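The following pair of complexes shares a single chain, chain A, combined with chain B in the former and chain C in the latter.
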Partner chain A sequence: MKKKKNGEMTFIQKVIKYRTLLLMCLPAIVFFFMFNYMPLPGIWVAFVKYNYRNGIFGSKFVGLQNFEFLATSGKLLSLTKNTILYNLAFILLGNLLAVFVAILLNEMQSRMFKKVSQTIMFLPYFISQVLVGILVFNLLNYDTGFVNGILTKIGVERWQPYSDPGVWPVLLVIIYLWQQTGYNSVVYFASIMGIDGEMMEAAKVDGANGFQRIRYIILPSLKPTIVILLLFALGGIVKGNFGLFYNIVGTNPILYETTDIIETYVYRATMTDFNFATASAVGLYQSIVGFVIVVTVNYIVKKIEPEYSLF
Partner chain B sequence: MKKKLLAVLLAATMVAGLTACGGGNADSAGGDTSTSTEDTASEDGSSDEASSEESGDADTTAAADIDTSEHVKIVYMTTGDAPSGDKLDRYNEMMEQLNAILTEKVNAELETLFISWTDYLSNYNLTLARMDGTVDLVGTASDWLDAWPNSKNGAFIELSEDMLKTYAPKTWESVPAENWEMCKYNGEIYLIPEDNYAQWTNHGFTYRLDWAKEAGLENGVHSWEDMTEYFRYVKEAYPDIIPWDSDGTQYATMVGGWIASHSNYVPIDGINSGAMWGGTKDDLYTVYSPYVTDTDSLVEFAKMMKEWDEIGVWKTDVLNNTASTNRDDYRIGKVAAEQHHTQTWTDLVSHTPANKIYETDEDADSGFFYFGEESQNVVALSITHGAMAVSAGSANPERALMVYDLLRNDPECYKLFCYGIEGISYEVTDDGLRATPEGYNSETDNINGITNYWWGRNDDLEIRAADRDWDKIDKMYADYDKIKIEYPYGQFVAEVDDIQAKISNINEIHTNYMKQIAFGKYSGTAEEIVAEYQEALKSAGIDDVTAALQAQFDALYK
Partner chain C sequence: MANKNMDLMDSGAKVKLGTSDKIIRGFGYAFITFYAICCIIPFVIIVSTSFTNEVTIRAEGVQLLPKDITLEAYAMVAKGGGIWWSYLLTIVLTVVGTFVGLSIISMTGYALQRKDFPFRNGISFYIYFTSLFSAGLAPYYLLMTQTYHLQDSYFAVLLPLMMSSWLIILMKNFVKAIPHEITESGKIDGAGDMRIFISLILPMLKPALATIGLFLALGYWNEWYQSSLFLSSKVAVKPLQYTLYEVVNKVDALKNSVAGQFVDLSEIPQESVKMANAVLATGPIVMLYPFVQKYFISGITVGAVKG
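Right, the complex of A and B next:
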């Protein structure tokens, strides 16, 4: 550890100085070490013909054979595209709506109303995806669905969403937002709460109206939170939301064109022959793409506003 | 620099963190490594373990010498839903009696691990892959439960002759040498076949014979065209009934059935779920795939299924229908057909308490249209359609075999495990048939439907059920016996490592297109969708797979 010129501390000095903070981080460090670093050598399974008895490192090395299936399926591009586009929609619309809702909540005067609406919005988050899938099916199915029941009652022709791939991007985004917004808005709501009350007071005294306070105080104060959450989310942009898609779309091939993501495809193609190695190969592919995206986006953020970058 | 390094590490952490899903896999796999490296000192664990197994046998050649001083628990894994409520009580009562016998005879007790039907194949394979001694005895099947892939993956122990002779002597004697041959891979026995149990699991439609007669089909349904006519009549005459409340998973059996009915195709089991490769009755050892060659037939199929869809045979959203209870609905007359195998029909045709249709409608009768009837193309069941294997993760493989030997050959254990407690779950009539006793409740007391022991049933010990309509059943079996051929590929275990990627993609294509074709949900004409399907199969390399299988066939059979 060489001593930096302008009085910066060495790594060891820092450790000593911030020992309390480090100690408080310890559980998280241990957690990540145990669950994210220790299994890393297991990535090797993507390059072997896995035999249960010989274990990962005893199995035969097969090079890139496990990647062959995804590459030769001819679907890699469309799957990656679907996955990324859905995630982009989820991330962007999700955060936008969450910020919006958080601001609305903050502006509410009645404490009672605020609490009640927050709770109601929060609830869907706790419903399991399996149940959501069943709910959606019961709402939308052709023969006995709730929506179609109403449509026939008012004399409109029945709607057939389960045979129409076009409507699903919209439906899935709506379902996602319904489920996640309440939860996501909590983070933003908390950061709004953290804004210095004096600033608000000062703005009020200076005659700023509600919209101006939102525009000039709340939104700028939320910017770091938004950027960091976006960065975090972008790392997972190639990881599809398997629970959502699998439970809602199921295995209906008519809808695959617009709803098939990497996870669901891999699940169908490999889970039935139960191929660990292939599944891990796909996982590795997703991780690498995700890593590249995080590093790139972070680089861009750093160019624009170094303060907000992750590293 | 340091900061950069830290930063990259941090980013890696994050990405690794986001690998939640993949990480989960790696995690469990990682767990495996430690255990498996322990028991495999050398790289070639299989031979290692086998040899240690054999050396162990040398000490214990005679059954009397087997050391059973330690009481062990043997877990038996089967597909089926775990019992609950009263059902569980019945099951526990039976297990208590069974375990008393097992403890006395081999100082072991049995427990069942149920793999519920939802996603059973994934859960089944996942449990096997754990290899931590969770299971000992594994019910398996070469055609529907991945017996061979699991053997190759090292999930099952090699059963040496010595082992079988020592620990499962009765089973060893009762299975003829040629049947053991069918259970070998690379010269090692992995499976114990259920080879002394007569059953027919060729698929077809169970339908209401009385309604078929009303529809003008005096002799019942004997072709797919008759089936169309039958469905059309049912839909008109009984508008409240869904002719067949299918779920979206029946596509492969339906198209397979169609092909059997319209050709001499004999499929090879266990390559993929669609059984897309095989030979013909006249030329068994030339591999082909009818899904590529029989274009006209497939177009006709697509057209007929479109017609069925338009008739309204199934619900409009059949492809998303996962909650169908069609078989139970058939029993109470809410649907008019059930697609499953002959064995299921033998149940549905009989006047059992569960089959309420016969109580409410005295004219009710169930016919069976079996796939392949038109072309007289019926292949007898492979003896490994049900088989028992021993998990390589088992801590007590010897005792597991001893328990199995009892379950399969000991009359007392067999009856308990298959039928339950006499007097509660069944009773034997004067003419030696198995009847249901007073106060029997088919919902809860049917042990047969809980233990799902389909991996070692034994006709020597079977008691025919009194409530089965044996006249009809025996007649059907006799018909089959006249036209059947034996399953010809019992000794063939395909080597698929080099073609696995292609097969995976072919599976996916087959599933996606066939679901649309078999439920008439395709857009465009039948000719177009079949052409598109075959084009996709070809570009996924189906011809290469056929060629690879042919090469393996030539090596084995020529």
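Right, the complex of A and C next:
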């Protein structure tokens, strides 16, 4: 009935009838227009030889020249490779550890222990990336680092991670896990809590041991959550974790080879070199690839579990 | 009767607690304890270092527990004084940004969840699209500095953090749980949409407001990124975390630039001052977070599945 009535109204009539609801959305509409839609025309800077005086639209059009340089120098490839490989490690190991922690937490009997340990594991998520960088530096630096203090004490040679690019893939993954696992495990812990208690009891009565309960009840019921979260995470695989990399590696060129991701490169190109054309070319490339991946992932999710699809 | 059955089952299960359960439990306690210790040790080291004498740090490196407690570093920070202004700025940004952002997000979330609102799909997509495709940093930076002229303005920090498509979706999911009949009953009583929202819906959204408000507040408290983009050295007072970033990097810069000159660097407590700044900048959020943790947890579980 109501639907039919709406269908008969013209656009203007709808606007007038729902003006209050529209006005309630207006601030958000203006916000996203100002900060997310207004920058879009500026993408043009990726196709020009940018000149401050002439501005984005007055500078000379050079076609795909900015992209050509990035592609032929191999820069784009190495940035993409670093970004994707780090994200793959973050996503796979992150979810693995999160599931592992959630399952173990669920097996604990003491409520107090559960609560306290969850609170502590959540702590690293609440601090700023700046502090994460400081914590890591405090642990690992050559002169006064905590780790080197221990190494010296046990008579082992001091370790210089800040001039050794090879160790950072491992270190960054560990730091990422350290910061995110408390957060990631919450979703899994909640879905374990949601498992039918009677099913667990029945399994216990039937003599299923702990491993069997995990293998045949908990893991299968977590499967949909794991699949969906993994797929969503894969949708963002070309988006790097700028805060983590920038605060830990910073502007230390020795480490770029193994730690430079798209975001850190774009940031330096913009803020240090003022090379807006190159920065924008890399950014546009990232946005397009990211968009294609999200749409693909969404298509897959829709096939598996339509109600979880994003759009 | 039912209770008695439950008890029986419980005790039955306990009797059957086999070796495998013991192994899992034992391993679980050991692993979780170890993991929790790993989570907390870096914080302990930072606090210890902030109380340690600079000479000791130089000689022995940072320690898990301080050997000799000194307040020297904190005295230096207090004497510098700048950090209190950063505190004030961060508190103002956090309070204003969270309040305004929360108002807009909750209004929008409610309107977009109204089943009779014909524009809801269009507007939802308009907002959601921003998380799918973005112009990237360079066009954003040029727009903010050259078109909006927000270079060195606190608005460049305040505005962009006010909302995100994710938070609006999260709010929509919370509103979804409120039955549509509430709105209907308000309409029958002759209340307008805004009136319905403020007097009927908002009171039921308290947990949602707490959760989303905390995400916003955490974003403002931990903000350093927009500051690093838009606040140059011309701005004397910067948000807390970015001040911390500058303190850490400036001390290093000092060390490089004046090495071998007239300043005796061993006299300047560097490491301990950095750590005292870190403790002061992080302290409030760490103190507060055990009390607000449950709201974050509800936010993560509600937000994990998109609606």
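Just so we're on the same page, the second predicted complex is superposed on the first by the 208 of 311 C-alpha atoms of A that agree within 3 Å, B and C clash if a C-alpha of one lies under 4 Å from a C-alpha of the other, contacts with A are read in each partner's own complex, and residues count from 1 in each chain.
Just so it is clear, contacts are C-beta pairs under 8 Å (C-beta built on N, C-alpha and C of every residue); 3 or more make two chains touch, one makes a residue touch a chain.
None of these values were measured; they are calculated from a predicted model.
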Exercise. With the two complexes superposed on chain A, say which partner A:Asn36 touches: chain B (first), chain C (second), both, or neither.
Key: both
Practice problem: Pick one for A:Gly283: touches chain B only (first), chain C only (second), both, or neither. | Solution: both
Exercise. Quick one: classify A:Ile254 as touching chain B (first), chain C (second), both or neither.
Key: first
Practice problem: For A:Glu201, decide between first (touching chain B), second (touching chain C), both and neither. | Solution: second
Practice problem: Decide which partner touches more residues of chain A, taking chain B and chain C as the two options. | Solution: C
Exercise. Mind working out whether A:Pro165 is in touch with chain B, chain C, both or neither, as first, second, both or neither?
Key: neither
Practice problem: Name the contact category of A:Val45: first (chain B only), second (chain C only), both, or neither. | Solution: both
Quiz item: Once the shared chain is lined up, is A:Val294 touching chain B (first), chain C (second), both, or neither of them?
Solution: both
Practice problem: May I ask you to decide whether A:Gly94 touches chain B, chain C, both, or neither, giving the answer as first, second, both or neither? | Solution: neither
Quiz item: Which chain A residues are contacted by chain C in one complex and by chain B in the other?
Solution: 32, 35-43, 45, 55-56, 137, 143, 242, 250, 263, 269-271, 276, 279-280, 282-284, 286-287, 290-291, 294-295, 310-311
Exercise. In the complex, go through chain B and note every residue touching chain A.
Key: 2-3, 6-8, 10-23, 25-27, 29-30, 32-33, 35-37, 39-40, 43-46, 49, 119, 121-122, 125-126, 128-129, 131, 146, 149, 152-155, 248-249, 272-273, 315-317, 319-320, 322, 392-393, 497, 500-505, 507-508, 511-513, 515-516, 521, 539-541
Quiz prompt | chain A to chain C touching residues, read off their complex | solution = 2, 6, 14, 18, 20-22, 24-25, 27-29, 31-32, 34-43, 45-46, 55-56, 101, 104-105, 107-109, 113, 116-117, 119-124, 126-131, 133-139, 143-146, 148-149, 152, 178, 181-183, 186-187, 190, 201, 204-205, 207, 209-212, 214, 225, 228-229, 242-243, 247, 250, 263, 266-267, 269-271, 276-277, 279-280, 282-284, 286-287, 290-291, 294-295, 308, 310-311
Self-check item: Parts of chain C lying in touch with chain A, wherever the complex brings them together
Solution: 9, 12-13, 16, 18-21, 23-25, 27-29, 31-33, 35-36, 38-40, 42-43, 45-46, 49, 57-58, 60-64, 104-105, 107-108, 110-112, 114, 116-119, 123, 125-128, 130, 132-143, 146-148, 159-160, 162-163, 165, 168, 192-194, 197, 218, 221-225, 228-229, 241-242, 244-245, 248-249, 271, 274-275, 278, 281-282, 285-286, 289-290, 293, 296-297, 300-301, 304-306
Quiz item: Which part of chain A faces chain B closely enough to touch in the complex?
Solution: 11, 32, 35-43, 45, 49-58, 65, 68-69, 72-74, 137, 141-143, 160, 162-163, 232, 235-236, 239, 242, 250-254, 256, 263, 265, 268-276, 278-280, 282-284, 286-287, 290-291, 294-295, 298, 310-311
